[in-house]
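Heads up, the next two complexes both have chain A, just with different partners, chain B and then chain C.
For the complex of A and B:
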């Protein structure tokens, strides 16, 4: 029980210290392991960090999910602290004095939270549904990728076990009973709401990026750039031109440029071994795909 | 088997019995001393009464020895031995012996018939246990099916449910085999168990299948087995060291293991004399994603002196090498604990990080004990024999071998960072299977980061050094 109190206090105390040099973001391997929902949240977190202009390195581990304190990827190691998922990471970084949304007034901030929870409710569940409950995707992609780090027979047992877990979760949320078409429809509704809010602006709120931009980009960009047996979700997102343009803009601004400018040296260092890569390096293939679209 | 008193047969025949009844005459019974070792005896027939589902060929071999008896004393001895053998088959609840003179046409004057009256175990047996540990209470339900097909095959299953997330099961099938007139056995089991290792900050859930072959040779008792186990390592809490966290996740170990044990001690827990040697080798890497080679051995020598003093020397050591990359936490060796390297907490000595012990690829541990009976010997010859006082010196170390440096440098490191404790205490023999110790320990040498426990230390367990 002690740890329940200890952790927030420790985080509170740690907040006064400056951003350390050895911050690491842990996530599964992108090219052969990571799945759509995890990839989306990893991209969101990285976008957020890039928007804040914070330095970090990405470490790829095939057991990232098991290493994470909450069992969810990605998670960050900031000094002695381990923080997983986007919301806690945003909260922690805010305590360090980096705010993206401090130029917003209270009602805008509340609206932003509402849109963020819309993404969590709809996009995340739709991604989970597509990955784990849609049979073709499960057998052709999910099962193979999720089982890839393990030897036989674990590569069969573990995806199956995970499928059961996710199935139970979606059932509790009322998503498991939906048909694939219904899920697509939910995504379309969500996208149209987002598209309407974005309009012709560069960012969702004002002329500066905020948390919602990182979250939306993470999900939409991942859906657009990941090749799947069923590309319906990508087509739906692609129907909204302003959203696609938003993705390309964020991608260019916060990934391609940063990555071109200052991390060449780091890439070389990490290529020497142990599964580390620097900012955005392994989104490489995804960029090509998106630009090709 | 010295002298047996036997009644001389009445010479007058059966009609005398009536007389004695009517006249209330007490018949003088003459007691004659007979030297049984010189009384010829020959077992002509052996009956085994009460066999139901047991196949005859499974037990007949066991009584062969009886036919070799040449005199009465020998026969009685062999009867007792045979009873023991039958008992060891583990399929009978009760065995009683009846020796009678031979009857019938082919009866010899010195001929005897031996009858073993046996009662078979029930087809199904059950157990129910509760167990309360330091941070968990469990209840386990078990079923036992002895002698299923009549040749000693046994099936055993237990299911354990804990208040925390410790759910475990174990199902074992064992079949005895006779090779070169010696009993050996093959067994196979499927199991799942989980355990917390707070000293290392991780919890482990193991699910697996094993196959074992147990046999005897001139070197001792062997166990040769294959084990295929899926291990799931998880962090106990947020305080778990990052080095430990990095190893969390699923691994599959498929290993071949051979153990040979030579036990010449008179008692497993508080021996007076005799030696014990155990050598274990394990090779992991037949499939799965854990590859290592591991050797482990343990030696114990006991010697008794005047005034029932026993001197005991224990040595244990092991070395392992990962064949592809580093070894895993749950495969490594750990040193320290109230029954091994006393004066240290469990896994208290050796490499560690943030208070979590990480284990090492090499270890060496030893102990020198002097056991004496309790002062003033209360309960001598009875209850008091379960207790001993002991003075001990323990030394041990666990280090990671650096294969890039020379053996001498590695040895130097092992010696330089040795941990040393001495002390005294009381040992209790718990039913001949476990050992309970209450010691006062004075650690003399320890390393920074070690978890030391000076002063009074209590320990209970099966293995000790």
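For the complex of A and C:
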């Protein structure tokens, strides 16, 4: 594991090389394992890659979390490099010459970073809170899904261990002390800020997609399309019509269309065998659910 | 509006009305909105529900953190963002989280995790500032919670201190540059009148800029951004003019510090004196021990001699007899 991380640093292969053919994005199984916060960041990364028009395949692994160099999913294998999380992936892809936000000026870019921080601070923590600290969701969903790949004693111990870890983190950040209602209120404030910023534009900045669009879509779409015992977050997001419309627009443009345009043979080849799938997998399914909301 | 409000804070030092970024932000917001509040430097977070200051006491109860205090003031009609559009309010929220994500870890790292700063500066300051029984354990628990906070903000817990340091300072520098760009030549971030965002940014920047931490790379960075320095001084001058009593208090503290410095520069002398007095004490004790011990030894020796003498006495007559 350690050698896998150190190797790319040691090799120091130039990032200036063209985009390789065999880029893989690793993430947990979507239908029976992945949890809300991880799903949101996976969708964000895939949206970003689709927006850049880069080819990749999604590899599903039930131990993706343990394979990732930072312990956080999703992570990507790009040539000899292993990179996890959205920010480092964006930074790496920028060095490859693919920029989404190069049409923005400095102040717009600063503003974009500010809104990305807002998402990281509010949405990510709220998702973690809902998944790990909210009792009903934890017992009915999180415990079962997180423990699903493991045999008996481990499927009790590992979720519990993870819950302790996340609890410590949220406590240090001052979120564990909040009530569920306060968390919902934070999400509502965040969504109303996003909604104000978006207005009736198609994208957050200018008439082209940028990183913030990928991040916002990842979180909002996942919240809207995941069925949970407590759907309050989805209802809050749904209250903002322009945000819901934004999600549908991005989903159509960067998932459904790509899904349709991709040659079916290609997709079938990826889907065969050990749980590989192509980008755009199950987005149709989620899209239907979103409309249902 | 009644004047019965009281804001409990960490007290001020080094030309700052308070040494804590949250307290500074709350105080600045009160000043911006001209809320009648008395500031009370209690330096004791023990009674606070969240374990931290500032705490706002009012007739209806208490507010325990910055967000609640600001919301309370807004509900009272003390709002600094009247003239702003909804979009600008959204921007303020976004920028506040940007600063919290990028600048706060660096500030906390600088004060509470960097070993040199912690040992030489933060720990002694909080020890001195807190009232008697609390000072023996509250600083340690503060230290622990700040350390946890920095680590949680940096993502995974496997990073070493050196990695964290590199990461937080790099991000903080980027953030400072962005703020400097955004401020430009304006007086405040949204034109002529200060807002919540100004209060928050002032809190962070003033602490980073004015605190004499031994190891503070961000201070130099702020110094290189002229407009940020002017921004700090503008708020200090315009809203925190010292009253005569406070000025004398400041001077007293300053002279105390000078005195301490004097003491520190006298340190070799002090050491010599200490060594001399220790030597004197030691020699007196040894002298006494020797003296009394000598007597003891002499007694045992005289005993021994006595025995010997006895033997000798015993033998002598034998020899004599022989």
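As a convention for this text, the second predicted complex is superposed on the first by the 277 of 293 C-alpha atoms of A that agree within 3 Å, B and C clash if a C-alpha of one lies under 4 Å from a C-alpha of the other, contacts with A are read in each partner's own complex, and residues count from 1 in each chain.
The rule we apply is simple: a residue touches a chain if its C-beta (ideal position, glycine included) is under 8 Å from a C-beta of that chain, and two chains touch if they have at least 3 such contacts.
Since we're looking at a predicted model, the values are computed, not measured.
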Partner chain in contact with A:158 - chain B first, chain C second, else both or neither: first
Partner chain(s) touched by A:150 [first = chain B, second = chain C, both, neither]: first
Chain A residues touched by each partner, larger count belonging to chain B or chain C: C
First (chain B), second (chain C), both or neither touched by A:66: first
Partner chain(s) touched by A:194 [first = chain B, second = chain C, both, neither]: second
Touched partner set for A:121, first chain B, second chain C, both or neither: second
Which superposed partner A:102 touches (first chain B, second chain C, both, neither): neither
In the complex with chain B, residue positions of chain A that touch it: 3, 6-7, 61-63, 65-67, 69, 77, 82, 150-152, 154, 157-158
Residue ranges of chain A in contact with chain C within the complex: 70-72, 85, 106-107, 110-111, 113-115, 117-118, 120-122, 168-169, 171-174, 177, 189-190, 192-194, 196-197, 199
Sites on chain C touched by chain A in the complex: 50, 65, 86-87, 89-91, 93-95, 97-98, 100-102, 145, 148-149, 151-153, 155-156, 158, 178, 181-182
Chain B to chain A touching residues, read off their complex: 230, 233-235, 237-239, 242, 245-250, 252, 287-289
